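Below: one structure in structure tokens.
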Amino acid sequence: MAESYRAEELLIAVVCRLLEGSRHIAVGVSSPIPGSAALLRRALDDRIGGTGPKVSVIGAESPEFRTDGGVDMFDCAGQGRVDAFFLSGGQIDGEANINLVGVGDYPRQKARWGGSFGSAYLYFVVPRVILFREEHSRRVLVPKVDFVSAPGWSPAGVYRPGGPVALVTPLCLFTFDKARRRFALASRHPGVTLERVRDETGFDFDAPGNVPETIPPQNEWLALLRGRVAREIADPYPKFAARVFGAAPAAA
Amino acid sequence: MAESYRAEELLIAVVCRLLEGSRHIAVGVSSPIPGSAALLRRALDDRIGGTGPKVSVIGAESPEFRTDGGVDMFDCAGQGRVDAFFLSGGQIDGEANINLVGVGDYPRQKARWGGSFGSAYLYFVVPRVILFREEHSRRVLVPKVDFVSAPGWSPAGVYRPGGPVALVTPLCLFTFDKARRRFALASRHPGVTLERVRDETGFDFDAPGNVPETIPPQNEWLALLRGRVAREIADPYPKFAARVFGAAPAAA
Amino acid sequence: MTLQLASVDALVADLADGAVVAAMKDTSGAPMALARALIGKGVRGLHLVNMPTGGLFADVLIGAGCVATVEGGGVSLGEYGQAPCFVRAVKSGAVRPLDTTCPAVYAALQAGEKGIPFMPLRGLIGSDILTHRADYKIVDNPIAPPGTHDPADRAMRDPIVLIPAIRPDLALIHAPLADRDGNLWVGRDHELRILAHAARHTVATVEQIAAGNLNADPLRSAGVISALYVDAVALAPRGALPCGMAGLYEADGAAIAAYVQAAATPEGFRAWLDAFLAGDTPARRAAE
Amino acid sequence: MTLQLASVDALVADLADGAVVAAMKDTSGAPMALARALIGKGVRGLHLVNMPTGGLFADVLIGAGCVATVEGGGVSLGEYGQAPCFVRAVKSGAVRPLDTTCPAVYAALQAGEKGIPFMPLRGLIGSDILTHRADYKIVDNPIAPPGTHDPADRAMRDPIVLIPAIRPDLALIHAPLADRDGNLWVGRDHELRILAHAARHTVATVEQIAAGNLNADPLRSAGVISALYVDAVALAPRGALPCGMAGLYEADGAAIAAYVQAAATPEGFRAWLDAFLAGDTPARRAAE
């Protein structure tokens, strides 16, 4: 019988599936769910006898996960040595443009966020960028972002080995079609209807005739998640680990 | 009464005078005489209550003199933080072009030396480059170098805060006139005639009506040289220190 | 060349209004003791370069009215939320944001370190960062592999952005350790070395003064900023608080949360600042 | 991710003829044990990048016929004189010299490290290096300060050289220490980190294997090349001889002087090489 799971665990499982085959996954700041997904990926790969991906967590203290600093991390991505990364956005639009700067006319905007951080670079050089946002609403998923921190696609001739592959929200999983510059609904999370996704999404997207439901995390995934992964994610994200898994850091 | 001195001590004194006012002197590989001059400069400045220049000796082991490595040293010079450096040449011509590569048609030359090393960069960015060569002959001081490792001057518009100020040989001291792109004979070492300098120099140079004789090192300079400087230069150049000053390394 | 230890105030005494100052992200040693000195001195109009992002240090300086321009990848208090003074100052126009992406800040400072006028950087093309950065130039990559660079074919021209060098007038550092020769130990935080090299002048507060020369220790010397780049050093134990120092002390989370709450209004920030300037440090409060 | 220790020969077993290999100057840990493996394997046509200069390691590889192109700031045995095999091979045309200046090698590898196509460098203009380096481009600095860049005024155009990136196929390192996770400790020799980052693959011989993870030690970790960049490690105590290892052992001056004398002729070099390949190391000779 399938165990019950938390909403976070479902999202972790969705992201984890998108990371299959990665050799080096980097996780940015304030990303406990993507971070857990990367660690789950590693735990799964380790189990089947392979060598799990290297996971670098920006801001982690433990030698196993920490980076050599920002310059090295960006250089590493520039060398093509980072396969997967996660980005978010205060606004994300239907062409996968992301906005981390603010709403309204720049620079004196009516809403101002932190800034573009590494997005305008990493979105270009990391082959598998997964967009992740814990709010699915028309406020966030807009027809056109007010400020392009990083564009979802680039014209021919622009050096761009990287870019978005998917967008994960609490309602669904979209995949990004690079050629068509559009999202397609790949699965809706259990209990979510296509209509609800359409209602709460500000941009137009493709949807197959019969949108499958997101597969919930298997029992063995949940066991790994609540064991090894929970202990590991408690290094960079102790509060998250305690809240979701009731876990203390591995080293504590 | 003036003490007798060795030929090396005279050259050290000549170079040392050219270093007056430097805050940071860098010394390249295989440069015991320039290195000793830099350390004498520092010893003299320290004596008069000032703070002597920082002396970085490429290849030195002691923390006091060693550099942070090649990249840092070149960057440091690029920042304008190296005031003086020394270059030499298998050939040096009358426009202060230097050749560290070889004689004859490149690349299959009839004589081949090591290569240009840092010259093609440091000659441009270090304000006070002193050319130093222990052989004064028409073989070395040529009308035109066969290969320009680094040019003695640059056209207007080329970024060039640095360049040659002087050429020191066993026979004499030339200063370089940047505007006229010519050397001028500043002094001939004791016992050397203008005629001899002309005979043994392959390029044309300016000479005043009455060329002064190089001032020999004062007794107090010789004392410093044979004491503190001899001990210090024995770190990077133990054989030189033993041969010229009979000195062992300061730390030994 | 033995360095005299200075007072923290003396480190910034000569800093002129309008200077370009730079500091690293809070987790690399937030120079909070230096923030107190800068605000106490009443400096104005600074161009603050956050390497590559700003946090509490930047927000406090902005709130105190010291900053005219804030450059970097972003300003945020991370898990504590948005930086309240930064957000307010940008919205009101009190501060001009020079938004960019983190690796562009590093590229600019590395260009400064090398004495080159610019550094190329991938990415950025098509972003609104570029729209608002007239100082960034797009050129056609002259080194593009053969066949990819046909000037007649716009699609094949391989555009690339050039980031102009930054050479800050003053770098502000809080480091774990200095020696009396003026060398700083920053451990594996190699970016602090880039910062000190790029800046025309560098001052540092430190947690501790080491006995002997840091470069004489083969283990320490791998993490040293040479005295060549350091103008003055002052002792400021726990000088990063309420931010943390890796391996020495944790950030004071309660104090940062209290800051976020206080700084939600200009009046609240002013009251917080008065206490901060009066030296009402978390350490002192904890002792009460 | 525990690394299996390899044999020295295994480190280069997959290296193809014609590959671009890079190593640092002899004083940063000459990978002499790897030279033996490369020559034993009979690799040919290498493009050898000396970072930034070559010494005994380069000269031996060249003499053994492994190298088609030698790139760098120079090849020399320093106080022991010219590098005999290099000089002979350049004169005969057996090896193509790609002469440049030391900081250009660093710039090329730093561009490789950053994944950018080129790095600008001051200097070089008017040198014959530039005459023979068609791959180096001169452009007008697009970032020149206002007023200095009038396209009509040739004298004011601020030309600057762009150095194309180098990404070696294989970096060859001899380091003091590695751990079983594949991290290398290189201390203050930060350039070795640039080399490993720039190269697509890196192999290393080391003097010793550390207990535990080097990154777990706050002092060691400042001088570590992350395992992320290291493909394989082999133990080779005194693996730099007859070159020295800073802090561990001195160069064997007598052995280098003997090399210079022997390598003055092709026959002499061949005899020296036979002994070298047979493992007739200075340490062994000293024991006899």
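Order as written gives the chain letters A, B, C and D; numbering starts at 1 within each chain.
Keep in mind that, in the parts below, contacts are C-beta pairs under 8 Å (C-beta built on N, C-alpha and C of every residue); 3 or more make two chains touch, one makes a residue touch a chain.
This one's a predicted model, so the numbers in the text were calculated from it and none came from an experiment.
Farthest from subunit D in terms of Cα centroid separation is A. For chain pairs B-C and B-D, the one joined by more C-beta pairs in contact is B-D. Chain centres here are Cα means. That of subunit A falls 40 Å from that of subunit D. Centroid to centroid, with C-alpha atoms defining each point, subunit A and subunit B lie 59 Å apart. One inter-chain figure worth recording: subunit B and subunit D are separated by 28 Å, centre to centre, where each centre is the mean of the chain's CA atoms. In subunit D, the residues that reach two or more other chains under the touch definition are 114-116, 121-122, 158, 160, 188, 190, 221, 224.
The set of subunit A residues that touch two or more partner chains comprises 68, 72, 74, 78, 125. Arrangement of the chains shown, judged by which pairs touch: an irregular graph that fits none of the line, ring, star or complete shapes.
Pairs of chains that satisfy the touch definition comprise A-C, A-D, B-C, B-D, C-D. For subunit B in complex with subunit D, the residues that touch the partner chain are 29-30, 59, 61, 68-72, 74, 78, 100-102, 106-110, 112-125, 147-151, 154-159, 239. Note for the complex: subunit C touches subunit A at residues 25, 27, 52-53, 72-76, 78-79, 82-83, 86-87, 90-93, 96-97, 99-104, 106, 110, 121-129, 132, 141, 153-160, 188-191, 194, 246. Put simply, subunit B touches subunit C in their complex at residues 24, 51, 54, 63-64, 66, 68, 72, 74-81, 125.
If you check the complex, the residues on subunit D that touch subunit C are 107, 114-122, 137, 139, 141-144, 158, 160, 162, 164-165, 187-188, 190, 218-224, 247. Remark: subunit C residues 1, 112-116, 167, 197-198, 213, 215-216, 221, 224, 226, 228-229 touch subunit B in the complex.
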